[in-house]
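We call the chains A, B, C and D, going by the order they appear; numbering starts again at 1 in every chain.
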Amino acid sequence: MRADQLKSAIKASLAELVAYSDELRDLDQALGDGDLGITVSLGAGAIIEALDELGDDATPSEIARACAKAFANANPSTMAALVAGGLLAGSKAWAGRDDVDVAAAAEFVRAAGENISQRGKSQLGDKTILDAILPAADALAAATDGREGLAAAVAAAERAVLETQNLQSRRGRASWLQERSIGLKDPGATAMWRYLQSWEKAGVLAEGAR
Amino acid sequence: MRADQLKSAIKASLAELVAYSDELRDLDQALGDGDLGITVSLGAGAIIEALDELGDDATPSEIARACAKAFANANPSTMAALVAGGLLAGSKAWAGRDDVDVAAAAEFVRAAGENISQRGKSQLGDKTILDAILPAADALAAATDGREGLAAAVAAAERAVLETQNLQSRRGRASWLQERSIGLKDPGATAMWRYLQSWEKAGVLAEGAR
Amino acid sequence: MKKIINKPEQFVDEMIEGILLAHPDKVRTPGDDRRILVRADAPLEGKVGIVTGGGSGHLPLFKGYVGRGLCSGVAIGNVFSSPSSQQVFEATKAVDGGAGVLYLYGNYGGDVFNFDLAADLAELEDIPTRTVLGRDDVASQPKERKHDRRGVAGILFAYKAAGAAAERGDSLEEVAAVAEDVVEHTATMGIGLSPTILPTTGALSFELPDGEMEIGIGIHGEPGIHRGPLETADEITDRIVGALTEDLALESGDRVAVLVNGMGATPLEELYVVYRRVHQALAGQDVAIAKSYVGEYATSLEMAGLSISLLKLDDARLELLEAPAQSPFFQES
Amino acid sequence: MKKIINKPEQFVDEMIEGILLAHPDKVRTPGDDRRILVRADAPLEGKVGIVTGGGSGHLPLFKGYVGRGLCSGVAIGNVFSSPSSQQVFEATKAVDGGAGVLYLYGNYGGDVFNFDLAADLAELEDIPTRTVLGRDDVASQPKERKHDRRGVAGILFAYKAAGAAAERGDSLEEVAAVAEDVVEHTATMGIGLSPTILPTTGALSFELPDGEMEIGIGIHGEPGIHRGPLETADEITDRIVGALTEDLALESGDRVAVLVNGMGATPLEELYVVYRRVHQALAGQDVAIAKSYVGEYATSLEMAGLSISLLKLDDARLELLEAPAQSPFFQES
C-alpha cells in the first residue's frame, strides 16, 4: 500500500469508526467517565481534517505522525495521550518507508503497543486497550496477506475484548471500581477492536493486498 | 394582688403556657420559621428562674422588669425583643405601685401594646400579636373584677386570633408569604391568647380579685 | 439530612469555637458569651466602632466581616435567627473606643428590634449609636418602598466602605453617612435553585419543583418575584442585571462595583460564567466595572443559587472599597 | 440539572472567560488557546516555572493557584478531564524563564500521560522539566502503594511551598525536591455525602443512598474505603484524623498544617465545626497546629462533603507556607 492509499484508507476507516462512538461512550460511562465516545468521534474528525491538509508527498511515517498530533489534541484524555504516543512510536518504526504491507502493519501495532505499555505502566491482562493491541499485532505478524491479516487481527481483538469481561481493571479510572469492574468490557480495548473492524467495513484493502 | 402573689401567679401561669408551645411552633412553622414554640418555652423557663432569684421585696415594676430581661435573652427573636420591650414599657407604667389590680393590668397591657406598635411599626389589623393585645387591654379596662376581666380578655383575644385568619400578614417574616398568609392564625396573637388562658387555667385569681 | 454536624443545638456554638481556634490572632470573644466576636485589637481608641449581627448560616456573613477596615464586632444568632439585644449591647461595649458605635446589619424584624433594644441599653451607658440597615434586595419591595427592603449580600459594600471610613478616623455621623450612602446606591437580586435544610428541624427553607428557579429569592429562601423553568446562565443574568441597572438608574458612562455571590451549593465555576455575562451586559450599556468580587460572600447554608449586587460608584465610594482590609474571610490589600 | 450554565460544551470556556475578565491584572492567556493561563508577569527571568493542570470542576483548583509565590501557569481540561499535551507544552513555553519548569499536578492517568508527552515536547525545545505528582489521598491506596495514590486537596501545600521556593530563586532540582518533600509528608482523606452532576451528560458522579456517607471518597466521586450511615461531625473527624496521623506517623510534639476543605455544597459553618474537632483530636495527641486553612480549596462542583489534609511540618516547610503569595483565589501576606 502506497502512502496516498494509506491516507485514503485511514480516512475511510475512521469514517466507519464514528458509528461506534455511542457504544464506546456507554462502555466508558459504565467503567469510567463516558468521554471515550467523544474522544473517538472528535479524534477521528481531527485526523481526517489533518490528513486532508497534509501534502501529497507525505510518507507513511509522516502520515502516522500527523494522525498522532491530531488525535492528541482533539479531546484530551487518557486515550488521546496513549494512542497519540502509540502512533508516534509506530511512525518511528516506519521511518524511511515509502509503502507499507502487513508486516509493516504488524511492526507498527507492536511498537504502538509497547509504547502504551511503557507509558501506561500497563501489561497484558490489566484490562486496557493493550489487551486488544498485542493480540492484534501477533495476528498481523503471523499473516502474509493484508486481508487475511486484518481478519485475523479483528478476530483476535474480539476474543480479547470478550476476555476483558472476566478481568478486573488494573489501570486508569476503571481501576477505582475494583471488583465492580468485573463483568464489563474494557472501553479502550473495544475501541481498538472496532477500529480494526472499521478497516474491514471500509473495504480499503485490495484483494491480495500485502 | 400583692407583689409576692403576682410573682407566684406569673410563675404558675407560665407553667401552663408551656403546654401550648407545640401549637405555637406549628403555627410559626406555617407562617414563619417555627421557632415561636421554643421562644415561648425557653422564655417561660427563663422567667420562672429569674423570678425565683428575685428578692422577696421586689415591687411589681421590678418583677415585670425581671421578666422582660429574662424573656429577651432566652431565645432571641422578634417575639423575644417585642415582648421584652412591651414588658419594660408595662413595668414603667407600674412605677411606684406596691400592688396591682385589674385596672393596673389594663394599664400594663395597653402600655405594652403601644410600645410594640411603636417599635414594630405595626397597627391593629397587621396580623400580629398586637391584634390580640389591644382588645385584651380594652376588655381589662372595661372590667371591675379580676376574674371577670380576665375572662373577657381571653374571649376578646380568642375572637381576635380567629379574626387574624382572614387577614394578610403585613409585618415580620409572615409578610413575605403575602396572600399565602391568609387563612392561617397569627402565631404571635395566638401566643397572647394562650397566655391569658394560662392565667385562667392556673386559677391564680382569687374569687372577687380586683 | 446531608449535614456534617453534631447535635443541631450545638451547631452554632461549635462553629464559633472552630473560628476562634482557627483565627485566635484575628478575633476574640470579649466576655463569656461565645456569641459575641470582636476584632482582636478592639476597642480602637478614638475610632468609631461598627457592630453587625444576625442569624447564623450565612458565612462569611456576618461574622466573617469583623476585622481591620471592616466591622469591629458581631453578635451571632442561631441559624436564621437574630442575636439578643443583650449580645448586641455586649458587643457594643466591647468595641466602643469613645467615638460611638454604628449598627450596620440587614433589615429583618428580629434583628431590628433587638438592635434597637441594644441601642436603648447603650444610651443608658452613654454610648452613642447610629443605625444603618442593609436593604439592597430589590425583589423584596418595589422602589417606592425601598426602605422596607430586606438586606442581602450587597451589605458587603457597606461594610467595606464604612469600615474604611471608621479606620481612617471619621466621626460617627460621617461613618453612618458613608454607610447610608453606599446602601442607597446598592442593589441586589438573587436566584434560588434548591432550598436550605434547617439543622434543628430538618425542614426545608422553601419548596421548589425540580428544574424550576425562583428569581428574587431571599437569603433565607423568602419568595421572589418570578418562578419558572430554569433558564440559561445568560438569560438569568440578563434578567437580574436589567432589574438592577433600572433600579439604580445606571447610565452610559457610569462605573460600578460588582459582586457575584454564591449562596452555598453553586460551584464557583458557575459564578464566573455569570460574571462573564454581567461584564458583557454592562459593557453593552457602557457601564464600566471598576471593582469586582466573585465567590461566596453571603450564603444560605447549602442552598443552590447566586445573587448579583451592583454598587454605583463615585470616586469616594471606590476609594473606600479599595482601602486595605483584613479579616479571616476577606482581604483587600 | 440544578446548574446555572449555558451550553454545557461552553461551560469551561465561559468560566475561563469570566476569570480573565475579573482578574485581567493577575492572569493572562499567552496565546490563542484560552485553556492556558499564566501569571500576568510570566515568564520570570531566571526563575523556575511551575506548570500545573487537570480537569475543570475543582475551583479554586487548579487555575486558582496561578500567581505570585504559587504556580506560574496552568493547562485546563474539560470537566474532570485532562488538558492536552499540546496545552501543557504551550504553558511550559510561556512560563519558562530559562531555569526550567516543574510539572506539579495530581496523579491521574490522563493527566500523567499528557504531561509526560508535553515533557517530551519540551525536551525537544531544550526546556528541562521535572515532574512531581500530588498523591495525598490515603484512601486511594494503602501505605505500601503510596506512589500510586491519587492527588487531592493536599496539593495546596505543595503549590505553596514549591511556589515560594521558585520565587526565592531555587534551582529546578531544588524546587522539585521541595515539592516532593511536601507531597511525601502530606496526607488527605475525604468524605462525600452527595454526588456531583456532570454538566455535559447530566450523569451523577456516584450513587449514594440518602443518609449514607462515603469515607475516603475521591475528588471525582471515586469510591472510598467505608460506606455507612452518616455519622456525627466528631465521629467523622476522628476517623479521618486517626487515619491521617497514623499514615504520617505523627508523634507527640510534632507540628502540622491543617486544611479542612469543602467539596462544594457543604457550608463553611460545617467546615469550622470539623476544624474544631481536628484541633481537639490533634491536641489530644500533643500535635500542634502551626498553620490552618478552612474553606473551599479543591472542590468537586456541587458535591456535598469535605476533606481533611495534614502536612507534617519542619521549620523549612513552615517557612515556605508562610511566604507571601497572591492569586485571584489565594492570598498569604
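Methods note: a residue touches a chain if its C-beta (ideal position, glycine included) is under 8 Å from a C-beta of that chain, and two chains touch if they have at least 3 such contacts.
The model shown is predicted, which means the values in this text are computed figures rather than measured ones.
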Label of the chain whose CA centroid is most distant from the centroid of chain C: A
Rounded Å distance between chain B and chain D, as computed from the means of their C-alpha atoms: 57
Inter-chain centre distance, chain A versus chain B - centres from mean C-alpha coordinates, in Å: 81
Chain B-chain C separation of Cα centroids, rounded to whole Å: 33
Chain contact graph, described as a line, ring, star, complete graph or other shape: line
Interchain pairs in contact, sorted by label: A-D, B-C, C-D
Chain D residues within the chain C interface of the complex: 1-7, 11-12, 14-19, 21-22, 56-57, 59-60, 191, 193-194, 210-211, 230, 232-234, 236, 264-276, 279, 292, 294, 296, 299, 301-302, 304-306, 331, 333
Residues of chain D touching chain A in the complex: 77-78, 80-87, 108-110, 113-114, 116-117, 140, 198, 201, 203, 218, 220, 222-223
Residues on chain B engaged by chain C in the complex (per definition of touch): 29, 33-35, 69, 72-73, 75-78, 80-82, 84-85, 119-120, 171-173, 176-178
